[in-house]
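The two complexes that follow have subunit A in common; it is paired with subunit B in the first and with subunit C in the second.
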Partner chain A sequence: MSETRLRPPLRGKELVLAILRWILIIFFAVYTLFPLLWLLSSSLKTNFEFLTKSPFALPAVPQWQNYTNALSVAGLGRMLLNSVIVGLVATLVNVIIASMGAYCISRFRFRGRESIYTLFTAGILVPLSALMVPYFVIINKLGLYNTYGGMILLYCAIGIPMSTFLIRGLMDSIPMELEEAAYIDGCGFYGRFFHIILPLSRTGIVTAATFQFLTCWNEFIFANLIVSSEKLRTIQVGIRYFTNQFSTDYVSMYAAIVISIVPSIIGYVLFQEQIIAGMTSGAVKG
Partner chain B sequence: MKPTSSDRRALAAFMAPAIAVMVIFFIIPILYVLVVSCLKWNGISAPQVVGLENFVKLLKNSTFQRSLKNNIIWALVAGFIQVPLAMVMAIILSRKPKGWKFFRTVYFFPQVISGIALATLWRAIYNAEHGMLNGLLSAIGLGSLTTDWLGNSGTAFPAVLIYWVFYVGYYMVIMMADITTIDTSYYEAATIDGATDFQQAIYITIPLIKKTSLLTCVTLASVMGLRQFEQVYMLTNGGPNHRTSTMVLYMYERLQSESYGLASATAVILIIVGVIFIITIRTLFNGRGETVKPKKARRAVK
Partner chain C sequence: MKKVFALLLALVMVFTLAPIAQPAHADGEIVINFPSIWVGTDSKAAYMSELIEKFNEENAGSIKVVVEEQTDYQAYRDKIRTTVTTGNTPDICILDTTFDIKAYAESGKFMDLTPYLEEGWGEDFADGAFDAWSVDGKVSILPFEAAVFTPIYNKDIFEAAGWDHFPATYEEFFQMAEDVKAAGYNVMGQMAGENGWSSMLWYSLIVEAIGGKDVYADGLENPAFVEAAEVLKKMYDYTFDGAVSAGAADVNGHFIARDTAIYLNGPWWIANFYKEDNAVDGKLLADSVEVATNPVYEGGLGEGGLVTTVQGFLAAGKQDDPAKEAAVVKFLQYLTDPEHVSELALSSGAMFFVKYTPAEETRPISQKVTEVANNAAFTILHVNGAFPTAFSTEFPSALAALINGDVDAQGFVDQLQEAIDMA
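What follows is the complex of A and B.
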């Protein structure tokens, strides 16, 4: 493991293993990247090029107008905006509720605390898609079918167990003495929460928020279920309709898919640590 | 800290929204599917109690049988092919070969791209006339193998299933986080004793992650396999001839046709199969079925 370890020159079996190792490393990288590059390259071709030339040929002249086409025909701008609105509001409300809950669970001993925490953890385990029917009914009963409110409420709610779990983890690591000292100095419940615990839990909250936003951004099943109006479609639901809208205009369709993927990739590169932390902590989901 | 009396009210106010969410969106829905699974109900007219009839209907229905079978195959492939592949890559990358951070970033891409976008991309790849796969096969002289991957009943399900298997980033990162916490002195001692990298992986790394991150990943992957929806919905919509249907897709279709009872019964079966998988995998990994808490995967390696 240590990098300073002296390696004798490789031979025989070791050499075979080293070669095998690199074959695997490169195979998986190519497997992931190549389709994405193919998509990007196809999105810059003309339809004629795409249909008649080799799929691996690069575009002769990059056709940037495919992207303007995609934006105008599919109403991608509107969809991106919808996704941003729903994602941001749901994330904001989600982390506020989760921080408040996490604070209580993390800092106080009260009756029912353990059962409440168990309830949250169990919530992470529930296969949400199995609850499609009741969610559909609840959103309808609340009169929120086909509204931003419905999506925001549902997204905010389904992320609560995970966000509470992530934020609580960080709050647990803040020394109790800090808060006790503030308490003795006469700092009340809200003061301690807003001035001491919340600022110190920043990293946990950012992780939860990043994870929550990505979940909202990529969510499809429920968005597809509780929204039918074209005006409210999120980008993921929109993708489903691209295929019809661009029935023969393949290259513009590919441009539309690229546009829908790019924000996720940029977000990932910017918030890599938070996203990986959020997703791997979620591994308790087992 | 023990809440003081003035804290109590604030505490209740702080806890209330989260608890309300848990009750409305988790507890009630689960009770709801349990109750409605025993009803014949279209959501409008008066529900009729039919006991276990919905379950009998489902188990006799050939599309449901196919969906259940597909999900089980999916869960097994994910748990016992995808995760072992991820483990191999986790072992390789945790030795920090040149560029490992780059590769870790790349392998994780499919995890941040939405399932629906990936499925659309693969639909284009599998396309019979101008897809990349057929293009690749023709280019390397295997033109005779080209086919309509998603339209052909023999190849549709394997095609839907296989592309996902090589996206190992998620499980790999979880296991890498675990591997980096293993005491390096084990490896140093093994190296002095002349153990090869391969032997070290077999005799040190794998046994040490088996009951922690490996168990977690196999469980996670299997459960994910049982929940598949976006892939099939976007790639084939269950076709051709329901060959690629899954339980969640079946549930979705029942909901669309307003058979709330059947849809809820499907949900109940989905949850039960999930629990069976989780218990079986735990038992397999722990020998005697005692429950070992999976170690929380730590924050990812820097």
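What follows is the complex of A and C.
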């Protein structure tokens, strides 16, 4: 005879706490989702509806052509492709470099280790706009103005502080004994890095990679500064096509913004478990 | 695995480090780089594009102008500032009054155009056009696009509110504002977002109406600035919701949607009144609007005055190669040719410092704005143009503080003064 265990109904203080908890959860869910839903709804309205009706009203007839307008007017397709290329390559190079740096800082004791780590991560605190002139000069001197390589190198550099911080946090949590055992078994420097530390740091690397990709995807200042060719422009530059002071096509602009955020959302949904795990690990050990 | 990885990295490097050059050019062809904001949905974009295409065709094989489209004004300014600072001044660029024009002219990073202007080219420009912008008698930055700022109102909305004329005084203006608001419309578009452009223009009009032609003589010390700030704050009672964070597109959009009675912007916007896209039930916006003049302020000194500015300067980066310098000058002369400027004025509604004969088919609204400009007793610059760049940078946040009640009118002016002092 099977026994079904039912949770006893909540009463008194427990019930009040549960209700409060759900109110809080619903509040934050609405607070988070509302801007996205508003954006989606606005992107399907006509300009007249958007300006004259209630901002909370749903579109009378969904205007899907706003999306085709967004794609055709500013050539967003090519820009999306550029963002993907730059984002993926810069992320790959960034996590390779950051994980190598984090490995040395995390696993080896040498003079100036913490100073180097501070130097690596201090970049988190520097606003990007303060780096416009020096980065522009460097990219120009390297002959990388108006190249994918210039953008990739720059984004890779911008993301190094955050990636190093996240990956080192996770590497610190890996017991030294694992590496020592491998060392005794004859595993060399590269072997320990590639076969032991790197796989065990996967969570931190995925977190860093996600942040890095989002940085590349959402960055505008340098995307506009170090590129002049339309063929190289990224999605954030494309969106600005709709937002100048002479533009009145709100709805196509919102459609363009929706198009631009979809990949970020998909990326986060796919990797959210690793991201949260990586952040938690970094928070505890970092 | 290592070999595959190395090959992959090598491919990535080759692919990503290759410069995406401009289209291949024949030997000896001079390429002129021109980052431009007169692109996209700008009213000058269509004719500018046509003009550049024509120039390139006429000079095929010898000169090619390559336009770098920039649609975000602030990003454009940031880029030009960075390129000039780092010694990479573009071959040709557009500047406005948010740049420190005098400092740029003195920097030695721009081409000295004086010899070319003295050869006769200078006669194409309005008399005295260079006076305020030359340094030691040398001209390196050309004032090109002019602007006058005068209110334009929607007659249909005024009629619905029981008004058949635009108020002649600011006292009457606020009576009208009450009636328009009661009829369910916004009176005017205001914005403290972005650079606070529309509010900056309204503030300039009020400052002019109160302080008159010498209002800038004592800087922000003139009491007209505090009084004008009080009037500007009052205007926010008659604008659309969310104006504190609104941008220019909101102001434009509301006027086009016919829910706002008065519009204030430069003449370059006139072309939009005639666009089919902005028509409602087949009626063009141009058929509903009328050009007005700045109301008189009771006890003020500004009767008959007009707010103006240099909206766009043309400048060329200094060249080492004489052939390229000649090519750049040739293009600048082509661009400022009176016939071309006449066409540009016709297509966009904008006004220029070049002496040109307006086309016969000039739109009625443009004609009326020109008439207002010609009848002005005196002119003053808008506040952004009259004060150092720190003023225009601080204006939006000082305005937001004023509207939100964080500072009073005196505090608003003090905040602007502090920004200027700190710069």
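Here, the second predicted complex is superposed on the first by the 200 of 286 C-alpha atoms of A that agree within 3 Å, B and C clash if a C-alpha of one lies under 4 Å from a C-alpha of the other, contacts with A are read in each partner's own complex, and residues count from 1 in each chain.
Note that in this section contacts are C-beta pairs under 8 Å (C-beta built on N, C-alpha and C of every residue); 3 or more make two chains touch, one makes a residue touch a chain.
What you are looking at is a predicted structure, and each value in this text was computed from that prediction instead of being measured.
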Next on the checklist: Quick check on the superposed pair: does A:241 touch subunit B, subunit C, both, or neither? Answer first, second, both or neither.
Outcome noted: second
Open item on the list: Per the contact definition in the header, classify A:28: touching subunit B only (first), subunit C only (second), both, or neither.
Closed with: first
- [ ] Would you sort A:38 into first (subunit B), second (subunit C), both or neither based on which partner it touches?
- [x] first
For A:132, is the partner it touches subunit B (first), subunit C (second), both, or none of the two (neither)? both
Tell me the contact category for A:250 with respect to subunit B and subunit C: first, second, both or neither. both
Regarding the shared-chain residue A:119, is it in contact with subunit B (first), subunit C (second), both, or neither? first
First (subunit B), second (subunit C), both or neither touched by A:64 = neither
Touch test for A:14: subunit B only (first), subunit C only (second), both, or neither?
first
Of the two partners subunit B and subunit C, more of subunit A gets touched by chain B
Dual-contact residues of subunit A (subunit B, subunit C) 50-51, 129, 132-133, 136-137, 220-221, 225, 240, 243, 250
Given the complex, residues on subunit A that touch subunit C span 47-48, 50-52, 85, 89, 92, 129, 132-133, 136-137, 140, 143-149, 152, 220-221, 224-225, 228-232, 240-241, 243-250
Within the complex, subunit A is touched by subunit B residues 1-3, 6-7, 10-11, 14-15, 17-19, 21-22, 24-30, 32-33, 36, 43, 88-89, 92-97, 103, 105-117, 120-125, 129-132, 135-136, 139, 166-170, 173-174, 177, 182, 184, 187-188, 191, 196-198, 213, 215-217, 219-220, 223, 226-227, 229-230, 234, 248, 251-252, 255, 260, 263-264, 267-268, 270-271, 274, 278, 294, 296-300, 302
Note: in the complex, subunit C contacts subunit A through residues 12-13, 15-22, 33, 35, 37, 40-43, 68-73, 75, 78-79, 82-83, 85-86, 88, 194, 197, 247-249, 252-254, 256-257, 259, 269, 272, 278, 280
Interface with subunit B, subunit A side, in the complex: residues 1-3, 5, 13-14, 17, 21-22, 24-25, 28-29, 31-33, 35-36, 38-39, 42, 50-51, 54-56, 97-98, 100-101, 103-105, 107-110, 116, 119-120, 122-123, 126-127, 129-138, 154, 156-158, 160-161, 164, 176, 179-180, 183, 188-190, 193, 214, 217-221, 225, 236, 239-240, 242-243, 250, 254, 257, 260-261, 264-265, 267-269, 272-273, 275-277, 279-281, 283-286
